[in-house]
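Dropping a structure here in structure tokens format, bear with me for questions.
Naming follows writing order (A, B and C), and every chain is counted from residue 1.
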Amino acid sequence: MTFPPSAATAPQGAVRDASTITLSGLRKRFGGDAVALDGVDLTIRAGEFFTLLGPSGCGKTTLLRILAGLEAPDDGTLTIGGRDVTTTAPHLRSVNTVFQSYALFPHLSVRENIAFGLRMKGVPVDERRRRVDHIAEFIKLGALLDRGVNQLSGGQRQRVALARALVCEPDVLLLDEPLSALDAGLRTQLQVELQRTQKRLGMTFVFVTHDQDEAMVMSDRIAVLDNGVIQQVGAPHEVYERPVNAFVAKFMGHVNLFAIEQLDHTRVVTALGTLTMDKPLEENARAGMLLIRQEVIELGHAVSEGYNGLEGVVKERHYRGSRIEYRLEVNGVTLMATAGNLGQRLYAVGDTVTVSIHPEDVVGLDA
Amino acid sequence: MKRTPFTRGLSVFWWLMIAFLYLPLGVIVLYSFNSANSAAFFAGFSLRWYERLLGNDQLLTALGNTLALGVASSVIALVIGTLIGYGMYRHRGRKLGWLVALIYLPIVMPDIVFGISEMAFFITMDREFGILGPSLATMIIAHVTFQIPFVALIVYSRFVGLDPTLFEAAKDLYASPAQRARHFLLPTLKPSLIAAFFLAFTLSIDDFVISFFTAGPENATLPIYIWGAIRRGVSPEINAIATLMILTVAIAAVISLLFNKEGRRS
Amino acid sequence: MAQPPYPPARQRRTLSPDTRHLLWSVAPGVVWIVIFLVLPSLYLIGVAFMTNGPYGQPQMPLSLESFRQLAGFGFLGWSPGNLYTLLRSLWQTVIATGLVILIAYPLAYHISISPRQWRAIMLLAVVVPSWTNQVIRAFGWMNLLSPGTPLSQVAQFFGLIGPNMGLYPSNFAVTLGLIYNFLPFMVLPLYAAFEKLDAGLIEAARDLYASPVRAFWHAVFPQTLSGLLAGTVLVSIPAFGMYVVPELLGGGRAMMLGSLVAGQFSGGSNWPLGAAGALIMLLATLGGLYAMRKVGRRLGGGEEVVI
């Protein structure tokens, strides 16, 4: 098989069935009582860009290391393509990792670094050379092949690390915060490149990050972890718009959360005031919090038709170019609102404004 | 810092002390080219003492012994010490105080105690069991014993300076344990291993006391030969052979330093 | 839920792979050092408590005879020779260590205030001579101090030594040889201590105390104590057990403990007596290291100064 697959042999989005990953009941703890993973059940579909998202210490890196085989779970099973690899040594798994520090071998040139995995697998010299040239072209590394790794910039190192992993054509590629050491501009560029690469190859990518924006830009699906437990799994818009609990909501950012004081069918009372939801919360939902995203709040001089209406005073204004953030005081509590910059009039600190919130955007959450 | 009488004084003192440190060595080198047989005055340049070395069979034997001892002990110490350095690194999270104490033991023990305890041990083993009689082999054993710690410490410090994820990257890239040793560990360690070898070699050539007490009658090394020659009476020949040894050790030590530096840099 | 969140750790009857790996890697070296250094040392300690046989080999029964001999009690009654040797070793050690400290302080300080790019080379310049075999270094001094050499003639001119005499062999030559041997061992730890000092601190002290001596004494010296301690141990322990320098530069009347010990294993052939002397050196070594750890802890940073 040629690499990367050409459009003819592997249409865009082609997937390898061999690479569905299932994790069931994974547990891991370190030392005495530090719990890293506390019963993780998860299925990662073949060919998907899957992101493990969470704050540091949530267990996402441990999970990735278990996938790579660098860490063994205390309990539970891991299968890749239907094969149980829970205890398989890392060098016997068809899995490759792009490490956070890139871990390029300092004694080898760029070419030798990329060829390392193929050499270890016993791929003949000619084929090795061909595949390294091919991937170098694909990742746009051609000019750097004969350099030493100490002569590379951060972004170049990242590409070499990616090429070194991809050239092995693993069933699954693991990426451990590979962009965190780069500056913002390069980071944005590489996010797009990585996602494009994944789509062209149809390879399963498992990506670890603590940056929710990065996760949303790149991923097909996101798993949000906290304290070694998966809080929610879903497409970026699901996780962002319909978080299942307050942790996920806060972690995804740009939210206002209020404790629910009283709940009567679709009418809900909080410190902010009395609001109407579009549909009643399910009977068994342990709803304790009300979520209102910052960007759904409309500010104006009159409440829009069919909206919840409130009145507030602008306390702070942060101009961010493409959007404007307002800190409002409504009924004595703080409400954050973000408005896209469409050239509308800016409100000044001290202005009194009406706040319109559509019932659909009033979301109940687990506390 | 400003130049003051104080710092100028320091500078003068520094150069005086440098003279103090190099004077004895300089005198040896100078007199090795002395045409007269005298330690009191320099009569003129001559290579006669060097020529005389070539015809001295005892001395050439001693040279052979020195090289055989240095190379053999350094090779053995390199293997054993590297293993210890690697073990210490891999398990650095554990309580290894006992191991560190054991490794420092050969370094802190006064060499005369080191030498005579080995000698007493070897002679007794020879008498009771007929093994380990004083010979080149016992000298090699003794030298390896004091070389091991230095090799282990050089290798250990190299490992500590390495990105720990490199080990994982090698595993991740399909390298089996044997392949990891061959294609990752050894090449990464290479400069440090060269440095450790030459340091061990330098230590071996530099040692007199321990060699002296563990050597058999046939196994005189250069330092032992020089010792004996000095006791018999000072001869300018000693200056010549000492000059060659100073040169050899300086070269070996510089190689060791350069490679150790390279090992740390990459 | 019937099952506890974590199953109990799997029972292991054998050693864990991790422990086996550790043992596999360090075993050759550990076994080597134990067999070829720890055992011989223990044997030597044992010999110290045995009786001297007719041919110099140690015999049963156990006794403290060798320590009595070390204190000077022999067949011919008490003689002070051995005690003099012990005291001379101590005295030479103290003098040499003290002088090494006095020389090393300005040297280390000078290096530490020199331009950064020169410091490594300056340190190297101090260390390089110690790479040479100590027999050769002592021989160098023999060349310099023997009768008729310029240095000896200068000493004669000032009446320090008699006519046609050399500066060697003598106690003076031994002290000089010891200083020469161990100077680098003091400069290195002292330099490390100076290196950590804040240069601004020295400047500030110069402003406050005006005189460089007072600045040194009040601001600098207290902060270099840990380096001084390390250097003192590194110099005094090997100096106390020094064999080559007193043998070559001292002559018979400047004998030190090392020669006494060595003599019992070659010419004199009294192993228990030699072993007793060696035991004293070992105890001095352990005592020095213990003191360094103990005091070093209190000064802070005592851990890193070991080598």
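Things to note:
Here is the rule we go by: contacts are C-beta pairs under 8 Å (C-beta built on N, C-alpha and C of every residue); 3 or more make two chains touch, one makes a residue touch a chain.
In this text, all values refer to a predicted model and were calculated from it rather than measured experimentally.
The interface holding more C-beta pairs in contact, when B-C is weighed against A-B, is B-C.
Put simply, the chain closest to the centre of the protein, by Cα centroids, is B.
Between the Cα centres of chain A and chain C there is a gap of 61 Å.
The centroid of the Cα atoms in chain B and the matching centroid in chain C are 18 Å apart.
Taking each chain's centre as the average of its CA atoms, chain A and chain B sit 56 Å apart. In the complex of the two chains, the chain A residues touching chain B come out as 68-70, 89-92, 95-97, 99-101, 103-108, 116-117, 119-121, 150, 164-165, 168. Within the complex formed with chain C, the residues of chain B that make contact are 1, 4, 6-7, 10-11, 13-14, 17-18, 20-25, 27-28, 31, 39-40, 79-81, 83-84, 86-88, 90-91, 94, 99, 102-114, 116-121, 124, 127, 141-142, 144-145, 148, 152-153, 202, 205-209, 213, 223, 226-227, 230, 234, 238-239, 242, 245-246, 249-250, 253, 257.
Residue ranges on chain B touching chain A, taken from their complex, read 163, 165-166, 168-176, 179, 183-184, 187-188, 190, 266.
By the touch criterion given at the top, residues 18, 21-22, 24-26, 28-30, 32-34, 36-41, 43-44, 47, 57, 103, 106-107, 109-110, 113, 122, 124-126, 128-129, 131-137, 139-144, 146-150, 180, 183, 199, 212, 237-238, 240-244, 248, 258, 261-262, 265, 271, 274-275, 278, 281-282, 285, 289, 306-307 of chain C touch chain B in their complex.
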